[in-house]
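So, here's a batch of structures to check.
The same chain A turns up in both complexes below, where it pairs with chain B and then with chain C.
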Partner chain A sequence: MKAFLPIAIVVAGLACVPLFVHSNVVLNFLLVTLMIALAGQGWNILGGYGGQYSFGHAAFFGAGAYTTAILQAHYGVNAWLGFVAGVAAGAAVGAIIGGLAFRAGLRSSYFALVTLAFAEVLRILTSVAPITGAGVGILIKLDLRAQSFQFQSRAIFYFVILALVAIALIIAQLLERSRFGVWLIAVRENEDAAMALGVDATAVKLGAMIVSAAITAAAGCFYVQYFLFIDAGIAYGTWISIEALLTPIIGGVGTVFGALVGALVVKSLGEGAKLVTGDVPGLDLMIYGAVLVLVIRFAPRGIVGALADIYAHVTRRFVAPRKPAAGVAHG
Partner chain B sequence: MLSPLILISAVLNGLLIGAVYALVALGLTLIYGVLHIINFAHGALLSAALFAAFFAYQKLGLDPYLATFLLAPGFFALGYALQRFIIGPASHGDDRNMLLVTLGLAVLIENALLYAFRADTRTIDLAYGFRSIDLGFTFLAVPRLISFVAVFAVALALWLIMSFTDTGKAIRAVAKEKLGAELAGIDVAHIYAMTFGLGTACVALAACLLIPTYYVNPSAGNAFVLIAFTIVVLGGMGSVPGALIGGLLIGVVESLGGFFFGESLGQVGIFLIFIAVLLLRPRGLFGASA
Partner chain C sequence: MAEPLLMVEGVSRRFGGLLAVNAASLSAPATRITALIGPNGAGKTTLFAVISGFLRPSAGRVRYAGEDVTGEPPHRLARRGIARTFQIVQPFAGLTVRDNILVGAHLRHRARAAALAIAEEIGHEVGLGDVLDRPAHTLTVSGRKRLELARALATGPKLLLLDEVLAGLNPSEIRDFAPVIRTFCAGGIAVVMIEHVMQAVMSLAEHVYVLAEGRVIAAGSPGEVAADPAVVEAYLGHGAAAKLRSAHG
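Showing the complex of A and B:
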C-alpha cells in the first residue's frame, strides 16, 4: 500500500481546498484544470506508458460527452447511467480505432495522423447529424439534484472530478506495478524486441487504448454535466486533443502524476497570462505551444522527470559518498 | 437533369484547386521523405505565409505573384532556422519528440497570429482577382489557371534541384541512408534544415498563389493541411509525383463530393479516403515502403 501513499496525500491535499477557498472563480479554475488532468491522464496511459502518441483524443472525449448528452436529452436516461454509458462508448470507440490502427501496424506519424483523422470525421459528422443537434449542439435540462448528476454547490462538483482524477491516478499506479504495465512499457521502449520476447504487442496496445479512451471519455461526460451543453466544436475540437496531450508531456510523460502536474502548471500559466494582459484570444494557447517546445527541448521527461533528476542529483551529492554503490543504481 | 458538361466543369475546377493542394502537399512530402516525420506546423506556416502575402500587398503594394520572389526565400530561411535551431535540437533524435515539437510550433504560430491579427478574415482586391475565361459551358478563374501552371513549374524546379545540384543529391542520400550519408561527410543537420526550408518555401509559394482568390485568417492554413495530409498519404509519403497526382485527385474528389453531397460531407469523403488508405495501404499509391 506504500506505493499509493503519494496519491492519498495529493488527493487529500486537493480535497481540503474547498474548505478554505470559497471563491467560485478559483473553484471553477481548479475544476476545469482537474477535468483536463483527467483527459490528459487518459492520453498518458496510451501515450506515456505505451508510447503511442495519439493526436486525436478528442474522439473519446466527444464520444463520452455526446453519448451521455444524447441519452439524457433525447431518451430521458438517468445522468449517472448516462455517465457509465458514455465511458463505455468512449472505450468502444477506442477499441474500434485502436483495433483498426494497430492491426494495420500504424506507428509514429501514421498513428498520429489516423487518430487525428478519426476525430475530424466525428467532428464533421456530429456537426451535420440531427441526433447530435447538428450545428446547434445539445442542451441538458437544468435539474439541480444529486440523482441527476447536477449539484447546487460547485464544491460537490469539485469533489466528483477530484474522485475521478483519484481513480485515474490509481489506475496509472496499478498499471505501473502490473504485468500488463510492464508489457506496455516494453512495447514503448522497443516493440520488435518485446514481440520477440512473446509480448502480444497489438493486444497490449489495444488494451491500453481502451483504458485510455475510457478515462478521457469520463472527462467528456463530466464536461457535459458541469456545463450542461455540448456541440461538435467542443466535443471533437482539436483543443481537447491538444490539451490531453500537452498536460502529460509537460508534467512528465509516463508518470503517475504527470498529467495532474502538467494541467496545474499549464492552466496556471494560461490564467496568469490572462490576468496580466486581459482576455486576449490566443495568448494562453500561444504560451502552451511555447512551453511544450521548451519542455521537450530542456526537460524531455517533463516537470516530474526534471524534479526526479534534481532530487537524484542532490541525494547523490550529499548521500552517495557514504554509500558508494548507490551511484550505479541510479544510472 | 445532370448534364455531363456540369460534371466536366466540376472536374476542371477540382483540378485547378487540386494543383494548389498538391503544392502544399509537396512541401509536406519532401519533409517526410527526409526527416520521416509529419510536419504538423505546416498549416500554421501556411497561415503565416498567407498573412505575409496579404501584408506585402497591403503595406508594400506588392503584387502576390511578385511577392513570391520575396516570400519564398524568406520562408526558406525561416524553415531552415526552425529545423536547425528549434526542432532539431529539441527532438533529441526521437521521431515522437519531433512530432510534438512541430505540433507545439503549430499551436504557437497559429495563436501568435490570432493574438496579433485577431480572428478577422481578410481578403485582397486585385484587378484580375475575378477575371475568368469563358469556355462556353463553364468559367475558369484566371488566378487559378496561373497557379495551376505555376505549381507544375515549381515541381519541375524542385525535381531539377533534387536531380542535379549537390544539395539535392545530399538530400536524397540522407533520405535513403542517413548514417551512410553522415559517414560520407554530409552534414545531416544542415541537410535536414535545407529540406525543411524547401518544404516551407513551397508553403510560401502556395500562399502567394492562393491569396488572389482566397482569404486569410489565423487558421486558414489548417483546411489545406488536413487535405495535404490526405494527399501525402494517398500519394505515398515522401513521393513527389505521388503528391502531384494525389493533389489533383483529391481536388477532383472534393469538387465532385461537394457537388453531390454538399460541402461538409464532401470533406468527410476526403477523410474517409485518408483513413482507408492509412489502414489498407499505408504506403500509398506511389510510396516505396511504410
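Showing the complex of A and C:
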C-alpha cells in the first residue's frame, strides 16, 4: 500500500485545484493537460516500460474517439457505454497492429515506422468514409446531463479526467511490481536474454500494446465528450502521436509519473510562450522540440529520472551515515 | 538404463553456403558435467543456439527428457528446464543485479516476494551477495559472468548450457568459480559447457566432445581426447600430431 502513497498525494493535490481556481481558462488548460498525460501514460506502458517506441498512438486515440462518436451520433448509444466500447475498440486495434508487427519481428525504428503508417492509413480512410463523417467530422448532440457523459460544470469534467489519470497511474504502479512488468522491462533491456530466461517476448509486448492502446483510447473518448466534435485530422493526426510520446520522454520514460510531469511541463511552456508572443502558429511545436533536445542531452531519463538521481545523490551525501573506510573496518 | 536428459541426434545447421554444424550428435546425462571443446569457429556456439531454440537446425533432432523438442522457441524450452548463458554476456544493463536475477526467478514463481527470495539466495550462492543493489553495467567481467550464471540458475533449470563462462577470468577467479558449477551439478542439473580454459575442462568435465569444422571428431574422457591425434591436428594443423610424436620419440 505504501507504494501507492505518492499517487494518492498527487491526485489529492490536483483534486483540490477546482476548489481554489474558478477561471475557466485555467481549468480548460489543466483538463487538456491531463488528457494529454493520459494519452502519454498509455504510450509510456509500451514505450517506457517495454522499449517499443510507437510513432502512431493516434491510431488508438482515434479508434476510441470515433467508436464512441459513431455509436452516439449514428446509433443513439449511451455515452458511457460508448466510452467503454471506445476503450475496447482501442485495445482491439492495439491487438491487431501489435499482433502483426511483433509477429513479423519488427523492432525499434521498423516498429515505429509501421505504427506511424497504420495511424496515417486510418486518418486517410476516416477522412473519406461516410460513416466517420468524411471531411466534415462528427458532431455530438449537446445534452448537458450526467447520463450523457456531459456536464454543465468544467470542474466535473476535470474530476473525470483526473480519475482516469489516477487509474492510469495505478496501472503503471501495479505493472512495476508484477511479474508481467518485470518481464516487460527485461524485454526492453535485452530481448534475447529475456527469451533465454523463459520470457515469451512476443506475448509480453502484445499484452503491453493492448493495455497501452486502451489507455490512449480512453483519452480519445474523453476528447469527444469534452469537445463534442471529432474529425480525421484530430483523431488520427500526428499531433496526438507526437504529444503522446513527447510527454513521457520529457517527463521520464518508464516511470509512474513521467507522462503527468511531462504533460504539465510541456503544456505550461507552450501556453506560456503563447502568452508572451501572441498566437504565433507552430510556436508550441518549436518549444517542444527545444525542450526535447535539452532533455535528451542533459537528462536522458527525463525530469523524473533526473530528480531521482539528484535525490539519491543528496541522500547519499548528507543523510546516510558515513561508512568507515573499506578494508580497515573488515581487517 | 533411461535415456540421457539431453540427446542431440545428427544436428546440422547451414548458413547459406557454410555448414556451421555438420551432423553432430552428443548426449548429456543429469548430475554430470559434459564439455564441448574445439577450435574457434568450430560451431560450438551455433550448436548451443540450436539446442536452446535460438536457431532451428537444418537437419537432425534435439531430444530433451525423452521428448522431441526440435525447433521449439527459447522461452518454451526455458520453461521445460533448459537454461543457457551467452558467450558475449547479455546483462539487463539498466537494472540492478537483484532485478536481473529476479527476471529468471519469476519463471517458476509468480509472486514477487517468492521470486525476490530466490534471487537473493542465488545471488549469494554465486558470490554476488555484496553487489545485489548495484546496476549490472557497473560489474567487472567476472561479475558479469557470475550474473549470467545466476540468472540462468534462477530459472530452476534441469539442463544448463554454459557458453564460455570462464573465459576472461584470471586463474584465481576460475578457482572460485569452478566449485559453484560443480555444486549445482551435484544438485541434479546436467551441465554442458563450452570452454577454452583446458585446465578447467580437465578438472570439471567427465565427458568431453571435440567439435571441429562442425563435426564431432572425438569424444571420451578428458584424458582420452587430449591424447587423440585427430584432436591435436584440429588445433595445431595437419601433420602436427606426427611431428609431435617424432619430436618426443
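To be clear about the criterion, the second predicted complex is superposed on the first by the 320 of 331 C-alpha atoms of A that agree within 3 Å, B and C clash if a C-alpha of one lies under 4 Å from a C-alpha of the other, contacts with A are read in each partner's own complex, and residues count from 1 in each chain.
In this text, contacts are C-beta pairs under 8 Å (C-beta built on N, C-alpha and C of every residue); 3 or more make two chains touch, one makes a residue touch a chain.
The structure displayed is predicted, hence computed values, not measured ones.
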Room on chain A for both chain B and chain C (clash or fit): fit
Included angle at chain A between vectors to chain C and chain B, based on C-alpha centres and rounded to the nearest 10 degrees: 80
Partner chain in contact with A:A95 - chain B first, chain C second, else both or neither: neither
Touched partner set for A:R177, first chain B, second chain C, both or neither: second
First, second, both or neither for A:V26, with chain B first and chain C second: neither
Touching partner for A:A134 - first (chain B), second (chain C), both, neither: neither
Partner chain in contact with A:L269 - chain B first, chain C second, else both or neither: neither
Touched partner set for A:V199, first chain B, second chain C, both or neither: second
Touching partner for A:A186 - first (chain B), second (chain C), both, neither: second
Three-chain overlay, closest Cα atoms of chain B and chain C, distance in Å: 13
Overlapping contact positions on chain A, where the chain C interface meets the chain B interface: none
Of chain A, residues touching chain C in the complex: 177-179, 182-183, 185-186, 189-190, 192-201
Interfacial residue positions of chain A with respect to chain B in the complex: 51, 53, 55, 100-101, 104-106, 108-110, 112-114, 116-118, 120-121, 124-125, 127-128, 242, 245, 249, 280-283, 285-286, 288-290, 292-293, 296-297, 300
Partner chain A, residues of chain B touching it in the complex: 32, 36-38, 40, 86, 89-92, 94-97, 99-101, 103-115, 118-119, 218, 226, 229-230, 233, 237, 264-265, 267-268, 271-272, 274-275, 278-280, 282, 290
Interfacial residue positions of chain C with respect to chain A in the complex: 52, 54, 73-76, 78-79, 83-84, 86, 90-95, 99, 102-104, 106-107, 110, 112, 115, 151-152, 154-155
